[in-house]
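Labels run A, B and C following the written order; every chain starts at residue 1.
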Amino acid sequence: MSTATSSPTTRPLPLTEGSFLQRVVRGAVTPGGAVFILLAVLFVAVVAVNPSFGEPPQLIRFIGRTAPIVIAAMGQYYVIVSGEFDLSMGAVIATQVVIAGNYIGEDESRVLPAIGLMLLIGVVVGLVNGLGTTLLKVPSFIVTLGTMLALGGLVRFLTGGAATGNPVDTFREIGRGGIQDVPVLEVLPYSVIILVAVAAGSVWLMRSPFGRTLIAAGDNPDAATLAGAHVWWIKTRAFILSSLSATVAGILLVGYAGVHPSVGAGYEFQAITAVVLGGVVLGGGRGWVLSAAAGALALELLFSFLNFQEVESTWRNSVQGLIIILAVAVAARAWSLGRRPSSRPAPPAPPSTPARPGTETGDN
Amino acid sequence: MRHKIHRAPMAVASALLLGVFATSCSTEDPTGSTTGTDESSETSESPDASESPAEEQEWFDQELYDTQFEQRSATFEGDPEEPYLQYIDGEMTDTAEYKANGPMKACFANASISNPWRQTGWITMNQQLKDLQDQGVISEMETRDAGDDDNTQIADIDYFISEGNCDAFIISPNSTAAMTDAVERACETGKPVVVFDRGVQTDCATTFIHPIGGFAWGIDTAEFLIDNLEEGDKVVALRILPGVDVLEQRWAAAEKLFEENGIEAVDYFTGADPTEIKKIITDELGKGEVQGVWMDAGDGAVAAIEAFEDFGADYPVMTGEDEMSFLRKWEETGLTGLAPVYSNFQWRTPLLALQKIFAGEEVPKEWVLPQTPITEDERADYLEANDGMPDGHYAKFGGENLPGYPEVWQERQIP
Amino acid sequence: MSATAARTPGTPESPRTPSTPDGPGATEPKESARRRRAARPKGARRLDSTALIYLVLVGVVVVSVVLTGIEGRNFFSQGNIWAILTAMSVLGLIAIGQTLVILVGSLDLSVPYVVSLSTLIAAGGMKGLDANVPAAVFNTLVVAAVIGLAMGVLVSVFDVHGFIASLGVGLIVSGYLATNYQGSHGAAAPDLRLMGRSGIASIIPTAFLLLLVAAALVTLVLRYTRLGHHLYAIGGNRDVARMSGVRTALPVISAHVMCSVLVAIAGLLLLSRTGVGSPTIGSQGRYDLLSIAAVVLGGTLLAGGKGSVIGTMGGVAIFAVLDNVMGVMQVNPFLKDFVRGLVIVLAVAVYARRSVVRRPPRFGGTRPVLPGAIAGSTQKGEGA
């Protein structure tokens, strides 16, 4: 498999040449970089509205509570960058939450077996999604929509709609507790540690042959296949990673919020929105995993900003919709820098001459 | 040259389309379509804004408010041990014409079982059904679940009318106005129609069963918070979703009372998602102190309390619901609280009403069931009585004397 | 009784081949097939997947007939057929709109909110009076068209992916709905309500006729107009279409406008049944995901460029029959979702693989073709 990726282009892409500073500046104009600017702007805005938000203890709590959606977004990233969708995330989270509530219950000795069981279920769901998409050739939107309906329905059918109750507190500590008496931060939530670990793992994974092949498979599956990559297995692994991320998010959410049938509802759309906000292209082949994470953080910051601003509750959806569209529209403009360099016969255009928007051509 | 080929089928199809409209809306006036074009240049936001005044108090109905205010202290007929059979004295429907010999078939058009409250009630209703089947009153109950969709429920009722062979209809409307026509069609069959929970805008039903109502809930909860808070204190109101009348009425009453008594209230829609609730409370605490929490349904109350714990803030004065999770957390934390009740035992009443109807006994035209909040003093009794029930169970479910108690509720067996 | 049974296998053919009325039936003469290929180059390949979809539908119907019979009911009874066709109407209209949008490579997630908004505008405008019907209907369609226009412009001019553009616009509309409408609003005109209940011989509702007309119209547009051909071209590959001299913006915008207008008509149908405008009626029906599922179930490629309205109708019918039989059997509501999920995946699996492998190469077949590679390429959304 590594042989498939060991034939890099001889000409470096614009993002990989020049000094570090130049690269950072150029990177910031791509959608994947612009999200960090958006993040900074939102952060400044929130702090301006509510200065105490900028204090380390509050900030670290905020990061802790956004960990589930950030992890979910990174999971969704694998699937999207490979050119697919995963709509089953919310249902996977709901399933894991119910398992935590009903299987662990008040029995502390079951915590570890339960985590094992949850991870196993995550792998199985991911495998079903992946194989359904790659071997059965059913579009992933449909496979994962199917898993979403089937899994959600089955779990509620088996449990009578709701789990028995919250699992034992030691299990919930994972999502709710943290290391106390940390200097500056006061408390370091476990969820932040898990988040950092997942993020580091993701970066490493995307730099590994698997990550390179994944992007190649998303960009052009034909080419990836011709180059010798097992696209079906690459994509299936992306789905497994997505389900596992949902599982981790589920474990954190049980801790954070407790057991409830609506935990995880809508997570798939939140995660997809976050990933797209992070400049990752739907359809695959483009985007950075940490941009997806930043997209999720930006989205959560936006919600908090709306809360702090006391925007009338009924208008919040509208503001959210507007900002998503604006962010993505601006990002789409910024694509002119790194857009489809591979499809051009000539070397990639320098940043000073952005490609013209598609609508101006095609005159007949 | 191609264009000519294209037009013929288009013209045929357009004629077809016009034909369909002509047969269905015979009085449609084509000249009228030239009016009202002024909106075409506007964005999607502006049209119709003039026609729908964005009044905050659209849900507030002073007359209904006053009625429910009175009903809170009304005397209920019947045995307090059987609250699901109690009612406020009023107009009765004579049902002698429905008197039946032998078991009859009931058809139940349910809005949904998509939340713990409806699930608990649905379990109770099924056990009540078993009881009545054993007694030979009801032969079977055919149920269609609309999955929270008005359109589906209309189709369900129509299906019952044409295909169901029903001897009686039980309808738990998904929404008030939209279901009115369908309920009227059910009434036109001449069979008894029992409506419960949310109402409809027609009084053709044999009986309409409901607890006192949303305004009563709002009054009970807001008065409790006002009594236990001081002027200028802040209350976070956690609401599930907009546009559902039973929920909107709760907030309409509470909001009015908060305003009148100088309580600062901010409201949020949470979708009953505990994650959302916890975030909202945390953000509110980050902004400043919060003295009270008001909920339009107790679902997710625990998350709200936990948000205070995790933030290290003092517990708020709080109103939840008679859901076990809230009662347990309430006892554990010892906060000042109240558990308002939207009487879950009403799910028994429709079938019991049919029993009366098929026996030819008169039933109240509007069957108002008691709706009394659980106070701190009563809490221990309800916790004891419902020991072993899951968190999503409702304390006032009223099924203690039904077959299958308590296992069926403990295991949440949903048919 | 046998009306649907007889029509079911016939439907894929009859509206699809208006130029060759003598070629119905499964065993079609090669002559007409060739002629159709000449009319629209992609026609021949669609036959396979569309026929398969209707085979799946027939299978679902057969199973349903048996299961309904076990329950002691008649699947083909007047009331049951009416119920199924009614259930098809609203989702069908939305799914036709969704087909257009998906064909061109976009997506419409704003559907539920546009449905709700159109019931509110129409009901608010009618105020229960017949005289107000034309103006109210006109306003509703115009507002929907403007929303569609906004999404189309976002997708085509501003290069925002359809997923985000429609999600964002949907959220904006939902905020507007929640702020301005608390609960039901306005009243449908008596004539409209009458239409909601009217039909032919108590078997075919008027709403379903409307659906058939819309399906026929859109099929004609797709097959016989330049716009239709451009929709396929852009959905297949936007860059190639542009380089081939297609103005890509206009077809994308048109698809979104047509979709939103069709969605608004679906809203009017809902209004004719409920009698009042409702800010939540669209979300209640889960029309966004269900319409997309129906479109894909109908053999349309989610990435765009391939598909048909006839197939979509088959997908909608499969859903309607499935829901109907589960209702008759009183399946646990939670289990219903389980079955729906399973059927969606299995039904698509039946024909997804086959139709994809048979897909001919885009340019004359000179390019070396690996089945695996082509199959893989169809999985990929040609993003903006």
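Operating definition for what follows: contacts are C-beta pairs under 8 Å (C-beta built on N, C-alpha and C of every residue); 3 or more make two chains touch, one makes a residue touch a chain.
Everything quoted here is computed from the prediction, not taken from an experiment.
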> Which chain has its C-alpha centroid at the greatest distance from the C-alpha centroid of chain A?
Replying inline: B
>> Can you check which chain pair, A-C or A-B, has more C-beta pairs in contact?
In response: A-C
> From the C-alpha centre of chain A to that of chain C, how far is it in Å?
Replying inline: 30
> Using mean CA coordinates as chain centres, what's the chain A-chain B distance in Å?
Replying inline: 36
>> Could you pull out the residues of chain C that touch at least 2 other chains?
In response: 172-173, 176, 178-179, 332, 334, 336
>> Residues of chain B that contact two or more other chains, please.
In response: 113-114, 242, 269, 414
> So which stretches of chain A touch two or more other chains?
Replying inline: 157, 161, 314
>> Show me the residue ranges of chain B that touch chain A in the complex, using the header's touch definition.
In response: 113-116, 119, 123, 239, 242, 266-269, 271-275, 277-280, 282-284, 286-287, 299-300, 302-303, 306, 310, 325, 390-392, 411-414
> In the complex of these two chains, what residues of chain A are touching chain C?
Replying inline: 83-84, 87, 132-134, 136-143, 145-154, 156-157, 161, 217-218, 220-222, 224-226, 231, 235, 269, 272-273, 276, 281-286, 312, 314-322, 324-325, 328-329, 332-333, 335, 343, 357-359, 361-364
>> Show me the residue ranges of chain A that touch chain B in the complex, using the header's touch definition.
In response: 50, 52-53, 58, 61, 65, 68, 157, 159-166, 176, 253, 256-263, 265-266, 303-304, 307-308, 310, 313-314
>> For the complex, give me every residue of chain B touching chain C.
In response: 2, 5-6, 9-10, 13-14, 16-17, 20, 23-33, 35-37, 39-40, 42-45, 47-49, 51-52, 54, 58-59, 112-114, 142-145, 147-152, 154-156, 158-159, 161-163, 174-181, 241-245, 248, 269, 414-415
> Which bits of chain C are touching chain B when the two form their complex?
Replying inline: 18, 73, 77-80, 82-83, 86-87, 90, 117, 120-121, 124-125, 130-139, 142-143, 146-147, 150, 172-173, 176, 178-186, 191-195, 198, 206, 209-210, 213-214, 216-217, 220-221, 224-226, 270, 273-276, 278-281, 284-285, 327, 330, 332-334, 336
